[in-house]
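As written, the chains take the letters A, B and C, and residue 1 is the first residue of each chain.
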């Protein structure tokens, strides 16, 4: 299927600069541009590509000023990233989509599966699991007994929902297991990446609220709760019973102590270690233990000078002693 | 099934404060309490819930002093956490448990499987693998050829035991693979979380000793050894040939360099980086590189003042120069 | 099968010191030596074992000077580690190897599978996937639609290739998914560990170049590129669109920000956080944010003295004020 610059501009409510009849039939990154492809420019870091791209059409923000003429046809829009997202969604919606429970999946007889669900090969759905309508579960996923998955949820391959929380009580001989009799609840519109683990609670439930997006290889321990529309990058880890607010953003490899509470709209930098409650909505934190990013980056800059500072303090001490003596 | 406060108190050797005939038929977290549920209070952080919980019975430590009367029935015990563990174990033992090799699992003909073993769907058991009695292996686990799993071991979904250790020798053209001909030995009473990886050794064996508890997404490299009853939280990583002592506790996301030795009963904080041998039994370490927690937290507290310190040192220098001149 | 010291010395072009007719039929680590085994000594840390090992033969570097006589037979070689690698390869090549697509694997009808390929049970190969000759894919791997795997590639159990990149655009109600229509390309001679995730790109491709070796539990985000013969230890994470050069070495648990470029032959220490482009070939970096290791370790050493420094600065200030007053 081919589309012209004019057709696309109408769809995304943009304005064509160049050849209205330029046609495309695929997408390409701006740096890998080729004839017949549409690209987009959103990150200003990549602006130099606009002059060399071979793509036939490029979506670009209204307010970007170019220093010289370009060969490609531009479509000016308010938000190029949003527009390309809409075009990709259109493109995706045209592709046929697998649905149904694959015959190579295992679904316990007592599980309740909604309408228009996809469950891939080698995915295990345990006893009394509930899965809402329009949910997609890729291959090799394991969902333990009793967990509840909402509507329009996506779970990528290899992810494990509802394994036992990590609970052991020490005794003289070793550790006794504390049975984990709770469940995991994944609410509507959640997307979970590949090989992520969300443990069932000791009692009650581990809850991933509506609209949360979790990347790959994330650890969510027992009794945790992640608030609506919070987004976590890969390899983040939450210790037990920690509650993350709504609309938070968490960078990759960050870790959270157990039994803490993070306020809504908190922004946690990558590799941070958060060890206590946070208060403020909209707060930013980075480092381990996590602090204000302004303080963190200033302190980090001075870090390199620590050995010099140490030496200088020694010299100042010496000179002061001499001044004292010579009085 | 229903139990009265009196019956429970007898079972856990506790003392009822309140209505001996209060009945329960389920468990609930104290903050999610409801009629007919038993809860427990162990973490002093949550003490305020005791006054508002709707649970019919709460297990609580003998020595906790309450400031005002409570509506729920209390059962006073030496260790509430241990008692709830025993009750959960009782509850769990009443549930029917799946056993046997699921027809959707793959077990190599040469593998030796003990008695009363559960092996879930889509789990792969390679050639010459040995699995001891009463061991449970959840779905989508992979156990490579030749690995040995003890008795009463639990392995959660998605975990991989015995993949090749990461060994390559550089040459001019790239890297040559060093075949990994060793195995993994998992001793009795070990529990391993979901999506954890324990690599086979180059030669000899990677060993997880008796009673070890490993959480999810942990990496144990080739030729490592983890001592009896050591506990590791999620996302910990061990580089090759490292030996961890017995009864250690390792916090989440901590990492260990290769070829080091950690003494028994060492306590390693979350996100630590341990790069050298440790000596003392009972030592505590945190940070990267890991140091004494007292020093670490003091240094971290001062970290924020680093830019101020840097400025102050510059000012002291200036003032000393002036004092010298004015002499 | 048995081999004599003489035969082995010929194969690895070494020189026998001791009994030419000593025979071995297996391998053992030098510390676990036993009669009939060959061991090697490469790491100088383990040199004391040479005097006590029970192995019949030990491969050792030409230039290692011993302080006292040994009981074992030595084979002196240029590079003991390389020689043991060659012997292990010989040993491995004698073992029968499984090939073919296991009947318990799922391979989409439109996938193209090369010659002499092994695909293990419960591995999922999606539509239009291409897999080159002599490639081995262990059990429980998932390869999403359209991804391309080269020749002589090894992919260990539980790894996920081509799950959706983590792309969402915020709107007032939550996040909209940005469809990920690109693919993953794994070039020839790549080895990928267990439970690692390599995401498909938004458009275009995520590329793992020829000869790359990735350990377990690694996260490679959408649109990343890893240069030829780069080696990464377990639990490393790359955020989106980052490009790593050729022949780099990356320590375990290190993380990379998105949209950065790492030069060839860069050496990144374990647990580092790399947040900006690197320039120099052969550069070494460690820490978070990553800096020159010499500066890092010096600064870390001083770190412990920070509280003392802070106190000392306060005292210097006081003494200077007194000196000023007393002038």
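Note that in this section contacts are C-beta pairs under 8 Å (C-beta built on N, C-alpha and C of every residue); 3 or more make two chains touch, one makes a residue touch a chain.
Please read all numbers here as calculations on a predicted model, not as lab measurements.
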Angle (degrees, nearest 5) of the CA superposition of chain B onto chain C: 120
Self-contact between copies chain A and chain C, residue sets same or different by half: different
Length of the line joining the C-alpha centres of chain A and chain C, rounded to whole Å: 25
Chain B residues counted as touching two or more neighbouring chains: 122, 140, 158, 195, 217, 235, 253, 303, 306, 309, 313, 316, 320, 323
Complex contact set, residues of chain B against chain C: 106, 122, 124, 140-142, 144, 158-160, 163-164, 166-169, 173-179, 181, 195, 197, 199, 201-204, 217, 219, 221, 223, 235, 237, 239, 253, 255, 257, 259, 273, 288-289, 291, 295, 298-299, 301-303, 305-306, 309, 312-313, 316, 319-320, 323, 326
Residues of chain A that touch chain C when the two form their complex: 27-29, 32, 43, 45, 81-82, 84-85, 88-89, 91-92, 104, 120-122, 138-140, 154, 156-158, 189, 191, 193-195, 210-211, 213, 215-217, 228-229, 231, 233-235, 252-253, 270-271, 300, 303-304, 306-307, 309-310, 313, 316-317, 320, 323-324, 327
